[in-house]
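Order as written gives the chain letters A, B and C; numbering starts at 1 within each chain.
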Amino acid sequence: MAASSEPIVSAEQVTKDFGSLRVLDAVTLRVLRGERVVIIGPSGSGKSTFLRCINGLEPVTSGRVVVDGLEVGGTGVQLSRVRSAVGMVFQLFNLFPHKTALQNIMLGPVKVLGLSRDEAKRRALRLLERVGLSDKADEYPGRLSGGQQQRVAIARALAMSPKVMLFDEPTSALDPELVGEVLEVMRQLASEGMTMIVVSHEMAFAADIADRVIVMDKGVIVEEGPPQTIFTNPQTVRTRVFLTRLLGRSGKHEAE
Amino acid sequence: MGLEIAYLLRGTQVTIELSLLAFAGGGVLGFTVALLRVLGGSDVTLVVKPLVDVVRGSPLLVQLLAVYLGSSVLGFSLNPLTAAFVGLSINAGAYLSEIIRGALTSVPKGQTEAGLAIGLSRMYVVWGIVLPQAFPVIVPAAMGFFISLVKDTSLAYVLGLLELTRAAKDIVDRTLDPFHTYVIVMLIYFALCYPLSVLVRVVDRQLQHKGLARERL
Amino acid sequence: MIELVIAHIGEFFSGFKITLVIALGAMLGGSLLGVLTAIFRLSRVGPLRMLSLSYIELIRNTPGLVQLLLVYLGLPEFGIRFSPLGATILALTINNGAYLAEIFRAGLQSVPKGQLEAAAAIGLPRTATLIEVVLPQALLAIYPSLTNQFIQTVLFSSIGALIGTVELTQVALILNTQTYRTIEILAALSLMYVGISAVIASASHRLGVRLERRYH
């Protein structure tokens, strides 16, 4: 849709080993500005590892990742700059439990971007409003539902004004009735033109927002294409097997 | 120099003997108190707990002085060794009773109930079923406590008992070289305690590997 | 007993203040030393790890009394002289630091990895991550151990009496040589320590309940 022809994330021949285990095997992926990519694949196929390589949480064994012209890797300031250009949302939210929703969101802008507290607070409040949690600004994460925590986590990532947002199974730890509110925030984000790479098995959601679906298995991309093609007419046996296993369970949430 | 080392070694021997004696005394006392509290119910606890709390809430030094000076005021003057033994045993008993009680209560209630359900006596259930399961928790903790006890015996210095720290003081009074004397004394204590610390770590790991430690129960 | 304490309340109170000064000083200094040692202990730099480990093991495997005597009597051989109070605070700080280091290490290790990743993901530098994210959570996890260590420090500060620091125990011992009412004096002294321990324990418990309610 809004995608331009210029890649904002380019991962070239990314290989990642944990000891003798090869988790990513020469994975190449270019994501265009404004593009929405959904990654699916069986457990252990390397999806999370791939996302973590994109923001440098995991150093690559070989290959390179460039985000918005900045090489991922290196240390200190360089790495910090890349990371603040890449927002990441985790499966288990990872909010800071000793900080309120507002403080969670303000931390990065104050400590990394060097905003004044007032400015950071205004930004945080705007973001809380955007994810529908204005009334929870002073609540600690322990007192929020999973869905609310994940929305705060999204706001925390957005506060860094990232160029790309990475989502690693953002709804898979949530009770079914809380999945919708998080997907809704993500949909809204997509409609605003945010570049997103999402690991998710919410098929209806993927079909809805994805420009491209990537299927990973055993550390390689086995298939990619527009959601219609992947979901209705997969080319590889591995994708077919995986999708049939998945369809049984994901229809449930989305049917609500 | 040789004479002084011999003197320190004699003190070391007293330190070791006192540690072992007090550990035995404290162990008996601690076990008794823990079993009383676990078996005896709330009225026993009502009496025993404050006593344990007082011992754990006041300094060992004061307890040693109380036993030593108190006994002479009451007219049955204990000698320094006996007073140190009694004072350290009482102190160790209080701490060990908490270690043992904590371990006993960490064994799931279902174990006790299962034992009672098949008609075993309460006494037997605690002794024969709960205690063996608590053992992997008790052993490393009690060993760790023994190390503290070795160090604590140095306070018997104040009673004039000729253990290692006192022996050092005598030498310092004579040679006026406290630095070297106390460094050597520290090394002797270290030689006693450090191997035990390593052993505690090994035992702890072993028991955890066997899946018997509290976390796994 | 009560009338004896009341008659000498001024002395007891000043002894109590000194005890508190020693314990607070040793907790504060020991915490600084302990945090630093714990960080070194977990560092990737080999020599720093060795240094912190040696300190921890040496102190934890030798009696605090000998450490105190070494500071008070041994250091003057090198021209480093302390008052009894100064030596007591210094020795207990060094002693406490080793125990606190192990407590802090456990606390640092108890912070879930996801917290570090979340901090890294927003580009937070290492020091800010430590101060803003890790330490507060570590403190929350270990504050029962810290409380216990504080109580132990108060009790252990009584060894200051053995080098003439006029803290609570020394006040009682002086009073004993004046009045010879040994049993009453030592009983009163014990109860004072029990009282201090109980106050610390209950204050900490209340704080714990408040924190628990705040975050959950």
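Criterion: a contact is a pair of C-beta atoms (placed from the backbone, for glycine too) under 8 Å apart; a residue touches a chain by one contact, two chains touch by 3 or more.
This structure is a prediction, so every number in the text was calculated from the model and none was measured.
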| item | value |
| --- | --- |
| Overall pattern in which the protein chains touch one another (line/ring/star/complete/other) | line |
| Contact-richer chain pair [B-C vs A-C] | B-C |
| For chain A paired with chain B, centre-to-centre distance based on mean C-alpha positions, whole Å | 55 |
| Whole-Å gap separating chain B and chain C, where each centre is the average of the chain's CA atoms | 21 |
| Whole-Å gap separating chain A and chain C, where each centre is the average of the chain's CA atoms | 45 |
| Contact footprint of chain A on chain C as seen in their complex | 112, 114-115, 117-125, 128, 132-133, 136-137, 140, 214-216 |
| Chain A - residues contacting chain C, complex | 55-57, 76, 79-84, 86-88, 90, 92, 94-98, 107-108, 111-112, 140-143, 153, 156-157, 159-160 |
| Of chain B, residues touching chain C in the complex | 53-54, 56-63, 65-66, 69-70, 73-74, 147, 151-152, 154-155, 157-158, 165, 168-169, 172, 177-179, 182-183, 185-186, 189-190, 193-194, 197 |
| Contact set on chain C toward chain B in their complex | 57-58, 60-67, 69-70, 73-75, 77-78, 151, 155-156, 158-159, 161-162, 169, 172-173, 176, 182-183, 186-187, 189-191, 193-194, 197-198 |
